[in-house]
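Structure incoming, see below.
Labels for the chains are A, B, C, D, E and F, by order of writing; each one numbers its residues from 1.
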Amino acid sequence: MKLIMAVIKPFKLDAVRTALTELGVEGMTVSEVKGFGRQKGQTEIYRGAEYNVEFVPKVRLEIVCDDERAERVVEAVAQAAQTGKIGDGKIFVSDVGQAVRIRTGETGNDAL
Amino acid sequence: MKLIMAVIKPFKLDAVRTALTELGVEGMTVSEVKGFGRQKGQTEIYRGAEYNVEFVPKVRLEIVCDDERAERVVEAVAQAAQTGKIGDGKIFVSDVGQAVRIRTGETGNDAL
Amino acid sequence: MKLIMAVIKPFKLDAVRTALTELGVEGMTVSEVKGFGRQKGQTEIYRGAEYNVEFVPKVRLEIVCDDERAERVVEAVAQAAQTGKIGDGKIFVSDVGQAVRIRTGETGNDAL
Amino acid sequence: MSVHKYRCGGALLALATILFAFPASAQELSGANTAWILTSTALVLFMTLPGLALFYGGLVQSKNVLSVLMHCFAIACLASVLWLVVVYSLAFDEGSSLVGGLGKVMLSGVSFDALSGDIPESVFFMFQMTFAIITPALIVGAYVERIKFSAVMLISALWLIVVYAPVCHWVWGGGWLAEMGVMDFAGGLVVHATAGTSAVVIVLILGPRAGYPTQLHPPHSPSMTMIGASMLWVGWFGFNAGSALAADGSAGMAMAVTHISAATASLVWIVIEWMKFGKPSLVGVVTGMVAGLATITPASGFVGPIGGLCIGLIGGLVCYWAVGLVKEKLKIDDSLDVFAVHGVGGILGTLAAAVFVTDGFGGAGLADGMTVGSQLGVQATGVVATVAWSAIATMVIVFVVKAICGLRVADDEMEIGLDLSYHGERDYNL
Amino acid sequence: MSVHKYRCGGALLALATILFAFPASAQELSGANTAWILTSTALVLFMTLPGLALFYGGLVQSKNVLSVLMHCFAIACLASVLWLVVVYSLAFDEGSSLVGGLGKVMLSGVSFDALSGDIPESVFFMFQMTFAIITPALIVGAYVERIKFSAVMLISALWLIVVYAPVCHWVWGGGWLAEMGVMDFAGGLVVHATAGTSAVVIVLILGPRAGYPTQLHPPHSPSMTMIGASMLWVGWFGFNAGSALAADGSAGMAMAVTHISAATASLVWIVIEWMKFGKPSLVGVVTGMVAGLATITPASGFVGPIGGLCIGLIGGLVCYWAVGLVKEKLKIDDSLDVFAVHGVGGILGTLAAAVFVTDGFGGAGLADGMTVGSQLGVQATGVVATVAWSAIATMVIVFVVKAICGLRVADDEMEIGLDLSYHGERDYNL
Amino acid sequence: MSVHKYRCGGALLALATILFAFPASAQELSGANTAWILTSTALVLFMTLPGLALFYGGLVQSKNVLSVLMHCFAIACLASVLWLVVVYSLAFDEGSSLVGGLGKVMLSGVSFDALSGDIPESVFFMFQMTFAIITPALIVGAYVERIKFSAVMLISALWLIVVYAPVCHWVWGGGWLAEMGVMDFAGGLVVHATAGTSAVVIVLILGPRAGYPTQLHPPHSPSMTMIGASMLWVGWFGFNAGSALAADGSAGMAMAVTHISAATASLVWIVIEWMKFGKPSLVGVVTGMVAGLATITPASGFVGPIGGLCIGLIGGLVCYWAVGLVKEKLKIDDSLDVFAVHGVGGILGTLAAAVFVTDGFGGAGLADGMTVGSQLGVQATGVVATVAWSAIATMVIVFVVKAICGLRVADDEMEIGLDLSYHGERDYNL
């Protein structure tokens, strides 16, 4: 199995979720993160002083899927999350040795 | 070493922690996440309009442990986090190549 | 490629970021987490009752980099994040099979 | 002729006996009334800052909350200065029956001991100013999350001069509606009908938020909204009971019916949501509260407790229906329901006042020579004139402002949120 | 005989000279007193909305905060309408010495210019209503995070009629305790003792929160609690100084002693926590403040500054001890310490009033013919009667409500949180 | 000689006609004035709790917010008790021209019906107390995020006795500045100049926050700051208009100019930030508001609307410049700009009062025998004396406290945050 970890722009979450549902991916885990990268944060102003905020709010997805589907998932995320502007984010893929569904105890691909 | 990543119901965190402590696991890292899966979120009502909130609040654990212990950790988490109802969550296991304890510079199993 | 996941003390984030920039690392993803470990949380007092809060606020970094650089990144993080006091945190390294830059579709090391 | 008399004229028409006790000239300062109107002024300012700002701020996304607070705060400042410079004079100085004169520009001629009725004119000026502050701020609820800050400032400034000043003069400044005997105790027409109507006009030109109507985000902080709503309720005591311009039985009854209407309309929303969804919501109940308050406003000094109860009931029901109508049927993104709650409530209450003022409902009684029918005619005239003028003048204003500085923010600014894009700030740095 | 006289009777017993200056009949409207009571009414409403709601809301988990705000808001609406419909009449209309009559149902016969003492009866009605709003809302603190919304509404409604109305009549409406000369200036018995006692009774039947006592969560927002506490403090000026029903030296001294008691009791908590834990907490100090305020309430118009200081000291100490007693010893999950703070404070202050009213402590002096001992006897009678009736009647009410709609939410609803389960809303959508 | 006369003396110097109407002795209670000062007392307490606390709390990091609220709350309690025990007497009892006597310690001799002017002395005592509460609380803004709680308590206590009491006596208690005819209607010298000066002195000894000036964190909650600012604005009506000690035209005009100055200075900040950054910020505009309010305070009862406008304009501009000067040029970590806003504003307004009081600007007119020049001389004397005494006395106090308990928290406590380190609490447990 593969763990696909994607960092995307927050407002693209809905589009990505829709794309994944179409692929039959039934689950994912999402968290809010701060991104540091080429895209820089906004300048904030408080009482006449400017603060350079270096991070950009991003959303991080984790999707575990079987090996065959992994490539299509990566493509779907990449497509749905793209705006073509800097800061669109990254997708990283790594191996997962085991998966367990806590409710039933099922393991492996059945657990997804 | 193995990284055990578990997504569980938030109110099960205490039970899981207790189970792990009994196993001798001394550390873990916890974050709050939004889960999308078979379990659907609640309906929210604002000014007479219903909003379907599609995510469910979950808690995500990351535990790194040595290879031998990994299986027992997975079992302990699975058992402690189970309610038998939909949305109990998943456990994913993957390999970790290296671990460092920042304070001392120890590496490998010693770092855990 | 390697995924370097580090859990550090929040106030060390700036120092770590500076160290990484010097190394030429251009991106990272940061999230706020709760740490459980040897370092214990503070006692909180409410209306004459003491609550033992068992977690400690930590910051979690994820940096993906090419294999050669990985070791230097780990060292840089370890050095910049160290205070020598309990709770300095951990660094875990694992393999990443694939990386994609969403904006351009570049893959592998080019995507970082 | 005293400025005060017109104001009272609107409010106390039906209280002829009291009117006789206040000869228009040669009055003495009433310390008691002054104390109460000083207090009421503080209460009504509190309604806008921070009351209304929080009420609205909690209902938007967390990335736009500061922009909403900023709109309310900046409008308050702008309206205050404009009020001094020209709007007070246009509203309350003698002039034609259509608009006041320029004799009170910069409060010229108003000394420390000048009186308006039996309170200092400085106090009357301040009390009325707080109404001129909250009215354009009410409109904010319609255009949140997508409007340029410059457009907010320009529209509000022009609107105060072109819409608020004349309508206020018509009703409270001795203008033609006052002469007809229109009843608007505390601003059903002057405040709520003008704001509600203009709200719709603005959003029709401005367009809806991105994602409307399917992908909206729920209110980011119902607790913030509830805090603001509670402040509105408490402040409304100054709004309505202060409009008696005296600390007497009229003020007391105005406070009582105001309260009862708010409570009743809130319960109406609880019951509707309970029946419809099984879950009465906090955002729902406080919306009901505002509906009850807006509806009782024009009637508050005229009706008795039974009237308050009935008006709360009707206000709650009709506004609930109107919220659905505007958003779901008409598909207008009047984002925080300014028209459905304030516009509809204000108009409804203005009409209802003519009925519940009668002795039969325990009200203060119709003015001599009026029947329910004739009073209803006057009220309807007031509504039509106010709505028509608000709509037309606002349309012109908005097109002018659009030409000058544009209305709508860019898509990516909307996405980042107005807080960072327009004010360089972010809330909730936890 | 005027309704007002009894109310004054309670408050001014000791101020015989003033009493003589106010003949019960043929009074004229005092604009000054009216201005102050209108203001006080706004202040006391502000105590509940949003004061108390925030005070309590900050102390619960973030998944239940909206339910707490909703309880307070909905109770306020319900109590307001019930007050008009029947409770005001039961409390303040003439009747037997046990309960008032039905002559003032729907405020029938109360015209715009009806007086109660020298203020409009509409104002007296409103001022007293705000007390009837806050009292059942105080009880909310006991049963948070586990009770059904329907049970909250039903219990509060019945409680107002069966507990609040008669006790209010006994003490302020000319009932048997007033005839005995009981001293309760602003509600030690009527408000705090009733609420505190009933709180315990309800939670004994309802049961504790899941996880009590070992796995509780700390207050989710001490800052929200502090905001609410501050509003309570400010609003309490209306509560206690308003209870003089006049803008005079009695009101001034009531405000002064109220303030001093609050400040002193807060400092007591700071000192205790500093000594015990090394860390004085914000939640602690504001709890001390409420203890000081609750304790001074019955005594506020009777005692002088030294009395205020002493009562604050005693109130702070005893309530601190009581919090530990109830939660740790008796293991009763009176979640936000309603009994330990309000119940104990109110009772303590009612007894202390008899001592500190004396000239020796700079008080207004005992009523003619009373000694400290005899007055203490009267006060103790008041306490016993109030506590007993509150306990018994509340028990009956709760069992009835349990039979009708159940009290406790299901376990998984509690786990999800009452906000989503019962109101379909979520706070903090950041 | 009545205490009240001195207070009026400061405020009403220029209003000679009114002064004559108030003979110092044998006055009767004015219920109307009492009602307004009771209300003003509530408003000014509200400024500190929770107004100022929230204003400051929103500007710090989320890990220190509770400590800021705690500082304000604990200072309020401490100041209240000290005020009763000794400070009121030192400020307002007869004594020398330098400091009051000890005749009113514990309010001894002040009965329920004692008058101060035409209001109860208990009310005057309470109204003045709220000023003594807010003044040391203003200083909190300077030393946040790095000071020990014990140092806060000790410094505040000593400061009230050694700095506040004498300066208050000089200006309002019949001391030497009052005798010279200094004009300080509501506390430009007594409140703002003292607090601003002492703030700088404290932080010079205490040192800056870790990370100053390059690594500071932005305000954690601009919305919290805005809520507090709004409460300050509303409460300031009690502060300034209440300082008339009457519900009359003087109070009315004081309220009007206060409001206009606040609005104008806010607009000034909007314009400056818009021109400089393209993004007017909420934190900026509310800072401008405070600058406008602080600047008008000493002048508020003396100047007319034009004066209010001009003072707001000047106050906004000069304070904006001062913020940059202190932080960027002088590199003093007066964290929340207490000196730049309150100190500079208070001093500026004290001087400006001498100009704008004149008839030419629509003011109340200079006192008999005064010219703008001579009045400016008196005002400047007041400023120099106040600043000098505040600086010297505060320096001594701070060194004493440093010796007793230390000032600065340990580095790791600062890192963890004062909330957990010093109060064992955490906000935002979401």
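Assume a residue touches a chain if its C-beta (ideal position, glycine included) is under 8 Å from a C-beta of that chain, and two chains touch if they have at least 3 such contacts.
The shown structure was predicted, so the numbers you read here are calculated from the model rather than taken from an experiment.
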Both-way neighbours, i.e. chains that touch chain E and touch chain D: B, F
Chains touching both chain A and chain D, listed by label: B, F
Pair in C-F, B-D or C-E that repeats A-D, with over half of contact pairs matching by residue number: C-F
Chain copies touching (chain E, chain F) - same or different residues, decided at half shared: different
Averaged-CA centre spacing for the pair chain F and chain A, given as whole angstrom: 52
Geometric centre distance via CA averages, chain C-chain B, whole Å: 18
Inter-chain centre distance, chain B versus chain E - centres from mean C-alpha coordinates, in Å: 46
Of all residues in chain A, the ones touching two or more other chains: 31, 43-46, 50, 53, 94-95
Junction residues of chain F, two or more chains touched: 30-32, 35-36, 39, 218-219, 222, 277, 279, 281, 283, 423-426, 428, 430
Pairs of chains in contact (touch as defined earlier), listed by label: A-B, A-C, A-D, A-F, B-C, B-D, B-E, C-E, C-F, D-E, D-F, E-F
Sites on chain C touched by chain A in the complex: 1, 3, 17, 26-31, 62, 64, 94-103, 105, 111-112
Of chain C, residues touching chain F in the complex: 11, 14, 42-46, 50, 53
Sites on chain F touched by chain A in the complex: 59, 216, 218-219, 222, 272-273, 276-277, 279, 281, 283-284, 287, 320, 323-324, 327-328, 337
In the complex with chain A, residue positions of chain D that touch it: 215, 415-416, 420, 423-426
Parts of chain F lying in touch with chain D, wherever the complex brings them together: 15, 30-33, 35-36, 39, 43, 61-62, 217-223, 226-227, 230-231, 233-234, 237-238, 241, 246-253, 255-256, 259-260, 262-264, 266-267, 270, 277, 279-283, 285-286, 289, 304-306, 309, 362, 364, 428, 430
